[in-house]
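The same chain A turns up in both complexes below, where it pairs with chain B and then with chain C.
Moving on to the complex of A and B:
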């Protein structure tokens, strides 16, 4: 009787979390594990027949002069460039915006609302709007750049082999700035005013206060934000997908998620698409581990 | 605390591994994949011909109509309306027996729709619209019902054998019905602009060659002062009207470019060589044509902003008088009429040799398929082959401005009374249909190698020789995966 009561008591928490765990297994863990398994097969579509091919998908990706490999290396390089530039841009503009919004300015509430707009617009609506703005013939960007004398001829900005990744980077920065601003602003507001006042009394300039007070105190928030945004933007898919026509790889803007999608769903190499995702995941995982270890080390040191 | 949870997490992880290992079907032993070699057998019911199934059904079964749904890829309003109208007409004619519901689909989504639907075991339409390339891919993956048992001699006679060939898989089973063929492209022109420049449009009796098209386009490329390209004082930085503005992008550089090459060579570019190995062939006769086509920006008759131009922008430029001639598929007649009802335009044949007056076209086309998840393939087949009959086919073709698969449809008053279909009738009179075997790796090859490399020629970054060499270096590997 005693053991039954103890069992009931001990099992209650597990029973309570069971629905969540089951849901997670079905919708997160199972697809995740399946994806890894698929990367070792020649499966053509989800639920289809598959033959175990070992590391063949990976060797083809890393294997020299075949098209798959050429695409993979291009996409890998572009993914790094994309992530670094988007996050770098977001961080710089986000910091500036957060510092401005942290000041007691008139109309501050309006600015705080306005800066959230890019974050609030649905991805596809946002991407389609930018697509029209970048239109080589009737887009606003070409029109104003020509009117202002910055360009002589209209430019094909996106979606073609000769277009670059930079127009998409601008969209990525524009899209992500609100989140960074909000997070950094909350971090800035947690720094006690007294510290700044003391620094002022000691004769520290604005730049010195930013360099020796704000930046070190903001470091934990910044690192968390960087880690989160790196994961998001490394895996970013919607902007590139909508801005690039289906039949165009967008050669200079082809990132790993786009290539994985083409391999898996357009070219019917689901196993190869899964392999690209696995490699992408491993890179992210390594980045996260290194970052987490460094952060944990810093926390221990500060104790 | 951590030690308590670790076993649970471990168990859950192992459970998920077992779960996924049970549901997905990778086999450990190395064996030859049959997925691409032979299609998965369609359910037994689909193998039974409609004629043998029908008598077995009790009379009472017809009191409650069989309900079907159709996933339409119609993207032009007229075509959407016509598909609905045909469905309503069919429903009326089969009242109490079959009732079809229209579902609006999308070309960009249909691949995911059918893949996820079949993988999920249902929940998708009984009839799915598609094209010959897509259909073959779906059939090879076991997504589609074999239509052969439903094809009577009467139905067989409604479409030329070449079109049946492109709808027939390697195992001889038909996977797609026919509605329209789609490779026919035409030159849309502004009659006012040509008249002003004193240019006679191309006609069956006086066909333009590529050289003539380029020369005429130079006369039609006007600067803000009305001077044409090549004339003294022509201001190339201030062009008000471009002579010729096709869409130059990955999609069109393949679709339209291969048609021009076929006119010269009479052969598809992607085909099996004498050794039975798939490859792309740059036949000698096609190279000058390809060169002319890829060189239009460098010549100055086409703006470099035509690179990456969308169809909408192209039509807008044409309607606004910024382009005297554009290159589009036949379907664009419907699009232009819908968008610019008062804009006057006309159509003429694409450049071809007057001496060798032949119009080569591949047997690509659209139609309807039945996914294996359909519970009523016989009834679905009844509809899709009903649409293939001349009267319905003419209405359907007219609404989308694409050539009907049924030759009799072109003589139907719906198409006979429309002068825009004269060029199509001319095409048909000189048409040489090429039976093109579809390579399932063509999409990867075109998207990732062929089109981007040739686009570099258009933008002047590569010569055609360099591009052909680069393409040939990768083609066999991709096309024979």
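Moving on to the complex of A and C:
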């Protein structure tokens, strides 16, 4: 905490945040509010005339046997599956990597740089690379799975209407491991060595030290990181968009952001696209509030 | 007996370190293998890419894929490279400028609405980009900036701000406030104190935030795909996906293109890695 009192209260801070506030009002608050309003209209793609239609966009999504509704439920389930699996995988691998890097073995700086590297690669490029590795004719994954006897015939892993989401989940995990490792490692490094020394002297085993020392101390960092990554991956778009062809509606691996984008920009139902995004936002909001009240409190206090 | 115990401990320690290294190598290989595969394919002679027998190294390393993609009029590498540079460059400059001011204010002043402002910056992460994009698209259509670089630039400038401010604010927090106070007691104005004391000290933080923002904008795909549809205005990530439509299974040129797109981001990352890692971690976990 700083000694704010030492600095006189005046108009300076307001002047300094003014550019941000103006930018945020025009390009974040206004789009956010108007986006919610658009979800209750049938706003036209060309011309932008909007008529208030009440809850029609929402009832169409929730009710009936219409294709829209079937797609929506499917995408909703896929989005939950996608987020849970991607975050779970990232967390497990990220934790193992961070714990190993924290051992301060010789050469750990090189390992750290290499593990971080995928993070710098544009998401589109890495989605393409994985598509090439999943290639049904000359792809490396088919080749090795067949060599090792896991599959008999080459499989078309992605881009088909009935393709599963699992190949995409692997890409998502791969993509997120660097960030998780980085965050968890910095958390681990902030735990004083003396605590471990003391526990060692008291005769605590490695597992006991992890269970009763590392895990509780890492809880705040882990929760903040989990909250952020959950928000990001719940809304992720690039991987799914690159791996499935343009008209991917009805595809098995479709998630909510993909459905919303296609409704809005491919099929030109901007209002319906907005409605899907609003539902997605509400679900995320409730989830975060339920799970992270305590952690949000921590964030508030630490500032 | 005691000697025995010691050797057992030593053996266990060696085993432990070996186990750690093996796990670390497995994770590292998982992380960098796809990147190695991009490079390998990019330098592979085209006929060997379609070789049913997989090779780990290019059989006959060649630049053929690069010349192919650079000369292909459909790829438009040069043009889209320039587009990306303009869009990401200008929006990064703008957001960094705005970010420095706001981050300094949040770090150094106590003002009414500060808590609300800070919480808003964190919570805005939750809003689906599709929602913002839909209304931004309608807005840009109204002010006739859709299908133009300025449209994309203002969108990028705005979406990058919350995280950038949050990161840089934490960096400013680590610089002792006494330094400015001392300078101001010695007769410097606040502006001078910022210019000569804070900015030099905060430079690593500002660099890391700038690199992070530039990487985000350089790599951004969804808005670029939606806002700019004109072929000669497309940025690199959109252009490569468009190129994929033509060259569906011709992976050599695709991977050469991928290498070309990735180079700026990777070079910046390696160059600023130390600052980037420090800046990000203090930004999120404090």
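In this section, the second predicted complex is superposed on the first by the 274 of 303 C-alpha atoms of A that agree within 3 Å, B and C clash if a C-alpha of one lies under 4 Å from a C-alpha of the other, contacts with A are read in each partner's own complex, and residues count from 1 in each chain.
Note that a contact is a pair of C-beta atoms (placed from the backbone, for glycine too) under 8 Å apart; a residue touches a chain by one contact, two chains touch by 3 or more.
If you're wondering where the values come from, they're calculated on a predicted model, not measured in any experiment.
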Touching partner for A:165 - first (chain B), second (chain C), both, neither: neither
Which of chain B and chain C A:141 touches, first, second, both or neither: neither
Touched chain A residues, chain B compared with chain C: C
Chain B versus chain C as contact partner of A:30, first or second or both or neither: both
Which superposed partner A:38 touches (first chain B, second chain C, both, neither): both
First, second, both or neither for A:86, with chain B first and chain C second: neither
Partner chain(s) touched by A:218 [first = chain B, second = chain C, both, neither]: neither
First (chain B), second (chain C), both or neither touched by A:12: second
First, second, both or neither for A:265, with chain B first and chain C second: both
Touched partner set for A:152, first chain B, second chain C, both or neither: first
Doubly contacted chain A residues - partners chain C and chain B: 14, 21, 30, 34, 38, 43, 48, 135, 137-138, 265
Chain B contact footprint on chain A (complex, rising order): 14, 21, 25, 29-30, 33-34, 37-38, 40-53, 65-67, 70-71, 135-138, 142, 152-163, 245-249, 251, 262, 265-269
Sites on chain A touched by chain C in the complex: 2-4, 6-7, 9, 12-14, 16-17, 19-21, 23-24, 26-28, 30-32, 34-36, 38, 43, 48, 93, 96-97, 100-101, 103, 105, 111, 113-126, 128-130, 132-133, 135, 137-138, 140, 143-144, 174, 177-178, 182-183, 186-187, 190, 221, 224-225, 228, 231-232, 235, 237-238, 241-242, 256-257, 260-261, 264-265, 270, 273-274, 276-278, 280-281, 284-285, 288, 299-300, 302-303
Chain C residues touching chain A - in the complex, by the definition given at the top: 17, 20-21, 23-24, 27-28, 30-32, 34-35, 37-38, 41, 49-52, 54, 97-99, 101-102, 104-111, 114-115, 117-120, 122, 124-139, 141-142, 154-155, 157-159, 161-162, 165, 173, 177, 181, 190, 215, 218-219, 221-222, 225-226, 236-237, 240-241, 244, 249, 251, 254-255, 258, 261-262, 265-266, 268-270, 273, 277, 280-281, 284-286
Partner chain A, residues of chain B touching it in the complex: 8, 12-13, 15-17, 19-21, 23-36, 40, 108, 111-112, 115-116, 118-120, 137, 141-142, 237, 249-251, 254, 303-305, 307-310, 313, 316-317, 440-441, 443-449, 451-452, 455-456, 459, 461, 473-474, 477-478
